[in-house]
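Shared between the two complexes below is chain A, which pairs with chain B and chain C, respectively.
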Partner chain A sequence: MEDMRKSKHPIGGLADKLALPALTLGTVLTALAFLLAFTVASPVMGAKVNGVELIGDEMIGNQILLSQKIFYFHMPVAVTSMVVLAGTAFFAIRFLMTRDALYDLKAKICTELALVFVICTMITGDLWTRFEWGVWWTWEPRLTTYLILTLMVIAYFILRAAVDEPERRATFASVFSIIMFIDVPISFMITRLIPSSVHPVILRTDSGLSPDMLAPMLCALFGFSLISYGLYRFRTRTEIIGQRVDVLKEALDNKLGN
Partner chain B sequence: MAVSVKKPSTFAQFKTLLIKDLQREFRTKDMLSSMAIYALLVLVVYGAALSQTGRQFDILQMSGGLLWALIVFTSLLGLNRSFSYEKEDGCLEGILLVPLDRSVVFLSKACSNLIFLLAVEVLILPLFFFFFLTTTTPAPTWPMMLLPLFVGTIGIAGIGTLLSTITVNTRGKDVMLAVLFIPLIFPLLFACVSATTVVVAGGDIEGIFRNSVLMAAGYDLVMVLLSWVLYDFVVSA
Partner chain C sequence: MNSVLQEIYSTILPSMPFIIGAYVLVWVALFVYVIFAMRRFKTVESQLALVERTMNDRVMNDRQ
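Moving on, here comes the complex of A and B:
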């Protein structure tokens, strides 16, 4: 038992102690962002409507679009998904350097989180294209690069499921997640590289967001980041504890067998 | 009696591995013939798919996309094959026993894949013209489409070699390669289709063609270098 506590993968350190506060604070901030988005943030006139246009079978003049509220969640989850994928790439590189299965576990957990955020981004983004641009889907550069990112995150798990040996699975998954990460900066930069794109550039110093709009967006951004950190720590901890239980069970079985 | 063995140079190793692949292919004609027949069949399917379009239908605008769809599916078939026969008789294990740098294995395999893909493209390009572009007149700039074709094929061969090494060790490897390969080459595909369409249908050669080819070449460079670096881990796993 004593050597278990001093095992290679310690739990309950400072990072684990911070997980619960981070998760709580993140939830509070996200809830606050939700409230602010609907109360404080000023309503936005239909962004793309000049004069009168037909949007979703309705003649719309310069109407206040409630769907603009999606923005306060869409952009933060998208940024969070990219940050989490950077974590995946980092742990994948660490795994290839050290061959320590813990890094592969962490990379897998990061990709799991990324999948959640990527799906949230796709859903909010699709609602946005439907109600703001009037189409369900358009092959616009940002949308396209993000779609292939989604496909690759899904492919990561298909790849993991298709390899049986743990060592080989970890290597293949790490290599694939490093190549997959190339698409993240491309997707991030594409609206800057191809200015004709419909998708606006948000992360810039002169974004033109008024403080009452900036506040909910930043709250959501920090909220989602903290939530992802908290979830990541909890998932890692659960997995490590699970592995310890397995080792203990095996030891117990051996004892009883003898 | 002293035995002196000279270590072969890296280039000699590369040449030996490449010639091994080429010789095998020229003896069996396994990969080339299956790729060529598959490509021909896809062209026939295109014929049925486009048969109901009107006489004024602008095939020129679509030809770039159709050609690249054909190349992607054909190369998927070839890449799947390129590693499965290495597995069959333990050939890969034999190569890995030789004290050589693993990146040489990658380079030789990528080069042989590139040669086979180019050979198939030499066959299917005239067929594509024969079936779809003889009814119209392509823009006079159409020979320039060979440049995006070449740049795109380099990327397909480079990324495909890494991915087919991964997928040959997985369950359901044929589907697995498509699942990994198609999202990864999408940016390359996008750039190559736009470059090809511009030179075939006519348009802004200076701007769109140059930018697209540069974009494709940049993506090639990043992906091939990364595949080269990561190949050691994959092939020894």
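Moving on, here comes the complex of A and C:
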């Protein structure tokens, strides 16, 4: 049997050894982000009120918008979903170049993770939209392009389930995931390209995020990135071992049959 | 509480279900995926144990 550490898709190497620390650190960072968001990050002010009041050591003359706290998880999960989808596209291209089925497996696992983060983005975004804009849904450019992305991620799994032959399934899924990835930069850039878009733009040079707001946001961003890496390695390792067990079972069946 | 403070804090309580919902549901979504990953791992682990047992039985039979 091929040495698992020396193969083109090694398991049990450094990348796998880092998975558990990454998962643990990611969980700690996201928990820290949650705490910082509600303790350190200054509140965002809304509409003016009739008068001012001294709260703590500050004179406040506006409504306090606590709903903005959703942003500290919403934006990091959205960015993570896009990064993971870049991984899907990368492995899809590698599969089309090499026809190595394990690249297709890695692309599938990346899309699984993308589905989780896309769902998280839609949930957090929708809850914020419902409270701030008073509607569950609006056909705003960022929301629309991200909804298309969500539907494409779901369609990826429907496509995989619809094709039985493994080689054809992998080829179709790879081509589809490359097409799917085209929507990622469109969704990311749409708020910059269409000025009428009402979706807030955070990643820009003058975003106005003070260090106390930047800290929880970055903690959550690195936290979710590490969690996605840890889960990706864990799932990849499980599936590669599963495939090797299948090969062993087949060999054993043949031997027992003789 | 005076009327100005009431106005300043007016959006906090109504927004709480949405904020709690957002944070809880993110953790729930990730937790569900972790459970799915763990279940798949357990299945692979039990399949490996079965292969190992079958091979051991085969070796024992060959020796006898």
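The definition used in the following text is that the second predicted complex is superposed on the first by the 233 of 258 C-alpha atoms of A that agree within 3 Å, B and C clash if a C-alpha of one lies under 4 Å from a C-alpha of the other, contacts with A are read in each partner's own complex, and residues count from 1 in each chain.
Following the convention adopted for this analysis, a residue touches a chain if its C-beta (ideal position, glycine included) is under 8 Å from a C-beta of that chain, and two chains touch if they have at least 3 such contacts.
Here the structure is a predicted model, which is why all the values come from computation and not from measurement.
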- When the two structures are laid over each other on chain A, do chain B and chain C clash or fit? fit
- Task: Please work out whether A:Trp133 is in contact with chain B alone, chain C alone, both, or neither, and reply first, second, both or neither.
- Result: neither
- Query: Once the shared chain is lined up, is A:Val245 touching chain B (first), chain C (second), both, or neither of them?
  - Reply: second
- Query: Given the touch rule stated above, what does A:Ile179 touch, chain B (first), chain C (second), both, or neither?
  - Reply: first
- chain A residues in contact: does chain B have more, or chain C? C
- For A:Phe90, is the partner it touches chain B (first), chain C (second), both, or none of the two (neither)? neither
- Does the superposition put A:Leu151 against chain B (first), chain C (second), both, or neither? first
- Query: Of the two partner chains, chain B (first) and chain C (second), which one does A:Ile227 touch, if any: first, second, both, or neither?
  - Reply: second
- Message: Under the stated touch criterion, which partner chain does A:Ile119 make contact with: chain B (first), chain C (second), both, or neither?
- Response: second
- Touching partner for A:Phe34 - first (chain B), second (chain C), both, neither: second
- Task: May I ask you to decide whether A:Phe188 touches chain B, chain C, both, or neither, giving the answer as first, second, both or neither?
- Result: neither
- Task: After superposing the two complexes, find the smallest distance in angstrom between C-alpha atoms of chain B and C-alpha atoms of chain C.
- Result: 24
- Query: Of all residues in chain A, which touch chain B in the complex?
  - Reply: 96, 144-145, 148-149, 151-152, 155, 158-159, 162-164, 167-168, 171-172, 174-176, 178-180, 182-183, 186
- Query: In the complex formed with chain C, which residues of chain A make contact?
  - Reply: 34, 46, 49-53, 55, 60, 62-67, 69-70, 73-74, 77, 112-113, 116, 119-120, 123-124, 127-128, 130-131, 227, 231, 234-235, 238-239, 241-242, 245, 248-249, 252, 255-256
- Sort out for me which residues of chain B touch chain A in the complex. 159, 162, 166, 169-172, 176, 179-180, 182-184, 186-187, 190, 222-223, 226-227, 230, 233-234, 237
- Message: Give the list of chain C residues in touch with chain A in this complex.
- Response: 2-5, 7-12, 14-16, 18-19, 21-23, 25-26, 29-30, 33-34, 37, 40-41, 43-44, 47-48, 51, 54-55, 58
